[in-house]
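In the two assemblies presented below, chain A is common to both, partnered first by chain B and then by chain C.
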Partner chain A sequence: MPTPAPLTRDFRGTVHGLSRDIMTGWLTRLKEATSNGALSAYIMISGNCVEILRCFDILPVFPEINALQLAIRKNSLPYIIKSEEIGYASDNCAYVKADVGYTLCGGVGAGGNMPKPTMIVCNFVGCNVYIKWFEHCSNMFKVPMVMLDIPFSREQSPSKEDIRYVITQLQELITACENLTGKKFDIDRLRSILRESARAERGWTRCKHLCKNRPAPFDAYFDSINMMGPINALRGTREAADFFDAAVAEYERMVADGIGVLDEERFRIVIEGPPPYPAYRSFRNLFETWRAVAVQSTYSTVGGTWEFGFQHDPDRPLESIAEQMILHNLCNRTMLQRYQQIRSYIEDWSADALVIHSIKSCRLFSAGQGDMREHFTKDLGVPTLMVESDLEDPRYYAEAQMKNRIDAFFEALQYKRIRKEKSDAQKAGS
Partner chain B sequence: MTVEEIVAHCRELLDLLPAQALERARQLHPHIGGFGVFPVYAPLEIIHAAGLMPVGLFGAGGKIELSHAESRFQSFICSIAKSTLELFLRRDMDAFTGVVFSSICDVARNLASIVKRNAPGLYVEYLHLPQNLYSAGSAAYTRAEFERFRTNLSNHLGRQITDESISRSLDLYNKVRRLTKALYDLRRKHGGAIACADLYAVVQAGTRMMPEDFALLLEDLFHQVSSRKVRPRDGAKVVLEGAFCEQPPLGLIEVIEAAGCIIKDDDLVIGWRLFPEDVPLNGDPVGALADAYLSSNVYTSVRHDRDRPRTEGLMRRIAYAGAEAVVFAPAKFCEPALLDYVLFRLRLEEASVPHLKVEFEEKMWTFESVRTEVETFAESMLFD
Partner chain C sequence: MVYAAGIDVGSTQTKAVLVDTARAIVGRALIDTGANLKRAGQRVLDELVAVTKIDAASVKFVVGTGYGRFRIEAGDAQVTEISCHARGAHMLFPGTRTVIDMGGQDTKAIKVSAEGDVLDFCMNDKCAAGTGRFLAGAADVLGLSLDAIGEISLKATKPVRMTSVCTVFVESDILSHLAQNKRVEDILAGVHEAISARTIGLVRRVGMEQEITFTGGVARNIGMVRGLEAKLGAPLNTSAESQFTGALGAALFALDHVLADQCAKAHVSPEPAVWVDE
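Take a look at the complex of A and B:
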């Protein structure tokens, strides 16, 4: 069966443009902060509490976003190598290595693109590497690190002790912010920021649910990156909430007009795991060639699993921030909860198959994905493809091998579908 | 038993799989149940107070073929995770009452889920040990986490785990830790008193014995070793660092010693000897255990300590041990150890302390290249 002709479509539509504009605005503020003395704090994406920093006008800086931007612009490798020269192992997370290498090469601070942080807020939400990464940053910058230890999800719901522990730490973070900025904490300001967060979260949820339509108006893996920046880094701002209002309007219009992200939607898939940023476009092409659209993805929920109903609550500000950090993001949930999440995606978003992109850098995502494949293929009968590369290190992306595996998978899927159609037609005729 | 016989007995225990070790313990304690403890730390006293034997689950040490686990875990995952899973997939752990994992790393966390799915009848517990030791909420949280463990285990077993029984177990484990520390002190002060490989075999074997029996063995060993006439050995005095979770093959430690290093201190099986002082026995035993966890100044790569950075912990360990160099022995693919190596290395270079890194994995059976590396390293210091 020949591989279909590749698409040449440009996906940089309205939503992409809006996202680029507001993210560029934020990056410009980061650049300006390298010289204007604005206060800034390092914080990680998953289950973050960016609203508290915003409440004190502390500029949030996300080293993960720095790392992914280096990779997507194909600039990560020299920085990774720089880090390996000082002792990082080839087996260490390449996000860390790219970010540290970038810092060592002068990318952070005066003359760079990112400000040297005034404080480091380690939101330990699932990923243990976060702690190490920020210990290293704290060591490099000689900047104090505030630890937010978020108990991992290990019972049906978090205990009152879990919630109390997190709220106490959030209050300690607030005190640290007060000391840093000299400003008094204003809970009404936090409430109004959380109102904007909730508005953005409603928009995010609506967009995600629109992908239940056939055809889906956007690719919930590759295009979600346009929405992940605003929801995770800019959450709590009016511009982020407005962005989601605009995205909803655009995607609702597409659904109403029966317009999909591709000219034809032949396969609906769910993708698990982060993308290979160094080969983002070519990886996407391998799926689009088969007119395969990701109608849901787990990676897009590292910051929050809002599509399942959670929103920040301005009437319970610290409580709802704590709940978001503990319970409502992918990273702080167990593998078995992730299996449930994917199963819901397969069933409720009417997907044909699951694609697991296993990456070496992030063991939080990848360790044990072979068991996931086993569960979905053998227990649930979901066609599942598992491919391996990395989200940051281009040395682990083998284009030809990747293409072979993906083509073979979709050929088999297509063949299975043709056989089923024939069999159904025969049954109808007899 | 003589020292040699004690060490041989311990080495023999290490040759067994966890279920076989449990079977061996049942010769002395016929009805004892087993409870697997994945590294690094778990409140052993609560398990023991429940009438169970805590059994260290350090993988299978290359003793079994990985027939199924290789398909569940990718090639870049550490061997302890794979062989531990294989034990469950082979149903080798069926005789155990349960197993506990904790928040040491991303792999261990996912492993807990995968074991739970693949061993449906088994009681699997997961502890989130605190990474913030200094919050006003840390003590209450840690106590609640240990209390949750007690309640869940008690519900699973259908019997109470009383404060009194936990206090008795605390007393016993205090004794085990005290004697272990005394042996470590002896080795530190008198290099030839007991080889690192022998002490390592004994301490690890202790994770496969009832603490009652282990305390007696340690007592016997301590008395014999402390009265030994020691002839100091010449060699490079080193601290061994990085093997806090997956444990290196005994052969690796033997080779490091044979190649010219005198290991003055190490972090082998560190989770089982985490408390340098006795845990107080008066009052609330679960609270005392929680406080001991928070206040312990023994650093590990899996616990963030804002006020006592690991790098300074290593420097203190080197000074206290009277060592002149560090041999890093991280397990292959161990992210916490490999990330910590960078900061350790920078700190050591700042202080002009020589260091060498040798990675290990379970399947390692030949140590010749390590021998050459360590010999060169040791000689470079001895003849400097």
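Take a look at the complex of A and C:
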């Protein structure tokens, strides 16, 4: 029997469209900055302090987003190779290599239409490699770098000393921004920006919690990418907060009408790890084939773990920014805290299984995932699949092998479910 | 009489097994896969019909497995080889709880339930290090046939230590041992030991439980069987059907359909959805 004709699906829903519009607006402002002299700064996604830049009208540029856009457009490999030519190792972070390679070729941003940064803000959160990345950027662009040293979180709440340490550095960043822009820091403006941040965070949290419904109104891994742009890059703007209000309205309507992201929701899964951007659609199709929907994902919390209650607080502006950077994001937390997060996703979002996508070129995210698999499989009895490729480097992705593992995993889940139904029916009949 | 068939299109060889409604193996066929997977699927089915001398029309359902499973035109359904090896091993040895399947490009450890269902599995990543390909590379460098190296390795007295199980570095590794005047049997013992050590890691990840059944083409290699047994500290079930285990499992899944077993529908992949770019 030939393989059935595939269903074709247009992934652009209302929320996707809105996300695309506001992200395009941001990219347009960046493009305009190449000629109008607006200031911009490199900053990283994880637990960022974008509100401070926004307070000075400095446009944030995220090299990770530039890198992933190269990958999703299937254009990352030449730049990865370019970086390897100058000595980056094959197992260096491929985000770094793609971005550095692209910069060396004269481009900024995936479309080559972003301004050269005026300043580099290395908001180091958990990843040492990023320090080197941003140092190289500072060197390549010949612009100053501000380094924020964020203590790694080993506790459930940060110590007062840690908070004070980060606040002092934020004040140094503020001084650097004042010197760069010639503007005086306006605390009331920062409070106003943080109010919009908190509104967006409430909306994003509500969206995430709506995925507890059956069927889930969106895929909290694949569709979350469209919401991670607004929550991370545009956080603190009214348009981002409005976007999340609109997303909540759309998803609440879908939940009320019993509409899910797929025509049928057969499996509810949690996905750990970044997606393989070079094979993004193909990877998604492998799950959709089995009508598997990600009801939660850890990757979507790289910027912040807001769904567990944290929000920026306009009444404690620098304190809450510091708390976000230290504790309320995925990357700066211990593996055990990540276990707790995933366990909550499995239990509270009623998931059937966990899928771990391990990343070859990111040891920060991948180290410990073997143990994680053991913990969830053996200690908690959660069916867990671990697959491996990369988030940026297409050379690590093998479609046939990936399909084989995913198909086998869902075959086993489906078989188990049918046997249970059979046994339940027999019990009911006897 | 009606039959069900399983076809396993592997990276190097394509296997087929025919079973009757009493689950007995009626016949088997084996060919080299080559570059044309579609043709391999048809050729092996033709061969199976020829050797069993049955009427082709009496084959009521065909399940394809292996990497080429979607290319088999005669395939009525497709099931991954992970499920098929579990099912086949369970039929050959009903006490099976762990399956080690070693083929041309994959090594898998599969944890199996008392019913023969897959409970968990682990396998090598995209890299084929530690698979049958590594053994083939070693045989090539030493100018020996793949079938002979297992037996030779058992004559070792001082097995060498290989620096990796990389199929690319196997050549330089072996040449370096030859340059040091190491004996061929000692080198081959080192080769088998290196793969065993890597395989044990996979087995431990799913949790080793006896009985352990060794399947796939490499299960015919006595050196590998002994090497794994030594590392596991437990005996392995092996069978003359080892190489056909995947095809046998596929045939049993096909038989579910012939017998209209409810579980049959578990293994029919739903039609895929394809997301389109903007």
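The definition used in the following text is that the second predicted complex is superposed on the first by the 419 of 430 C-alpha atoms of A that agree within 3 Å, B and C clash if a C-alpha of one lies under 4 Å from a C-alpha of the other, contacts with A are read in each partner's own complex, and residues count from 1 in each chain.
Here is the rule we use: a residue touches a chain if its C-beta (ideal position, glycine included) is under 8 Å from a C-beta of that chain, and two chains touch if they have at least 3 such contacts.
The structure displayed is predicted, hence computed values, not measured ones.
Asks: Put the two structures on top of each other at chain A: do chain B and chain C fit, or clash?
Replies: fit
Asks: Just to be sure I read the superposition right, which of the two partners does A:D186 touch: chain B = first, chain C = second, or both, or neither?
Replies: Neither: A:D186 stays clear of chain B and chain C.
Asks: Looking at A:T289, would you say it contacts chain B, chain C, both, or neither? Reply first, second, both or neither.
Replies: In the superposed model, A:T289 contacts chain C only, not chain B.
Asks: Looking at A:M145, would you say it contacts chain B, chain C, both, or neither? Reply first, second, both or neither.
Replies: After superposing on A, A:M145 lies in contact with chain B but is clear of chain C.
Asks: Look at A:V96 in the shared chain and tell me whether it touches chain B only, chain C only, both, or neither; answer first, second, both or neither.
Replies: It touches chain B, and chain C stays clear.
Asks: Between chain B (first) and chain C (second), which does A:G370 come into contact with in this model arrangement: first, second, both, or neither?
Replies: After superposition on chain A, A:G370 lies in contact with both partners, chain B and chain C.
Asks: Is A:H136 touching the first partner chain B, the second partner chain C, both, or neither of them?
Replies: Only chain B is touched by A:H136; chain C is not.
Asks: With the two structures laid over each other on chain A, which partner does A:E178 touch: chain B (first), chain C (second), both, or neither?
Replies: It touches nothing on chain B or chain C.
Asks: Have a look at where A:E32 lands relative to chain B and chain C in the superposition and call it first, second, both or neither.
Replies: It touches nothing on chain B or chain C.
Asks: I'd like to know which partner A:R405 touches here: chain B for first, chain C for second, both or neither.
Replies: It touches chain C, and chain B stays clear.
Asks: To the nearest 10 degrees, give me the chain B-chain A-chain C angle using C-alpha centres.
Replies: Computed angle, apex chain A: 80 degrees.
Asks: For the superposed model, what is the least distance in angstrom between any CA atom of chain B and any CA atom of chain C?
Replies: 6
Asks: Can you pull the chain A residues that chain B and chain C both touch?
Replies: 370, 374, 388
Asks: Hey, which residues of chain A end up touching chain B in the complex?
Replies: Touch list, chain A to chain B: 86-89, 91-93, 96, 122, 124, 126-129, 131-133, 135-136, 139, 145, 147-149, 151-152, 154-155, 159, 161-162, 164-165, 167-169, 172, 334-336, 339, 358, 360, 362-364, 366-371, 374-375, 388.
Asks: Name, in rising order, each residue of chain A that touches chain C in their complex.
Replies: 1-12, 262, 266, 281, 284-285, 288-291, 370, 373-374, 377-378, 383, 386, 388-389, 396-398, 400-401, 404-405, 407-408, 411-412, 414-419, 422
Asks: List the residues on chain B that touch chain A in their complex, please.
Replies: 71-74, 76-77, 81, 103-107, 109-114, 116-118, 126-128, 130-132, 135-138, 140-141, 144-145, 148, 302, 304, 306, 309, 311, 332-333, 335-336, 338-343, 345-346
Asks: Would you mind writing out the residues of chain C in touch with chain A in their complex?
Replies: 67, 70, 73, 75-83, 106, 115, 117-123, 125-126, 205, 207, 262-263, 265-267, 269-278
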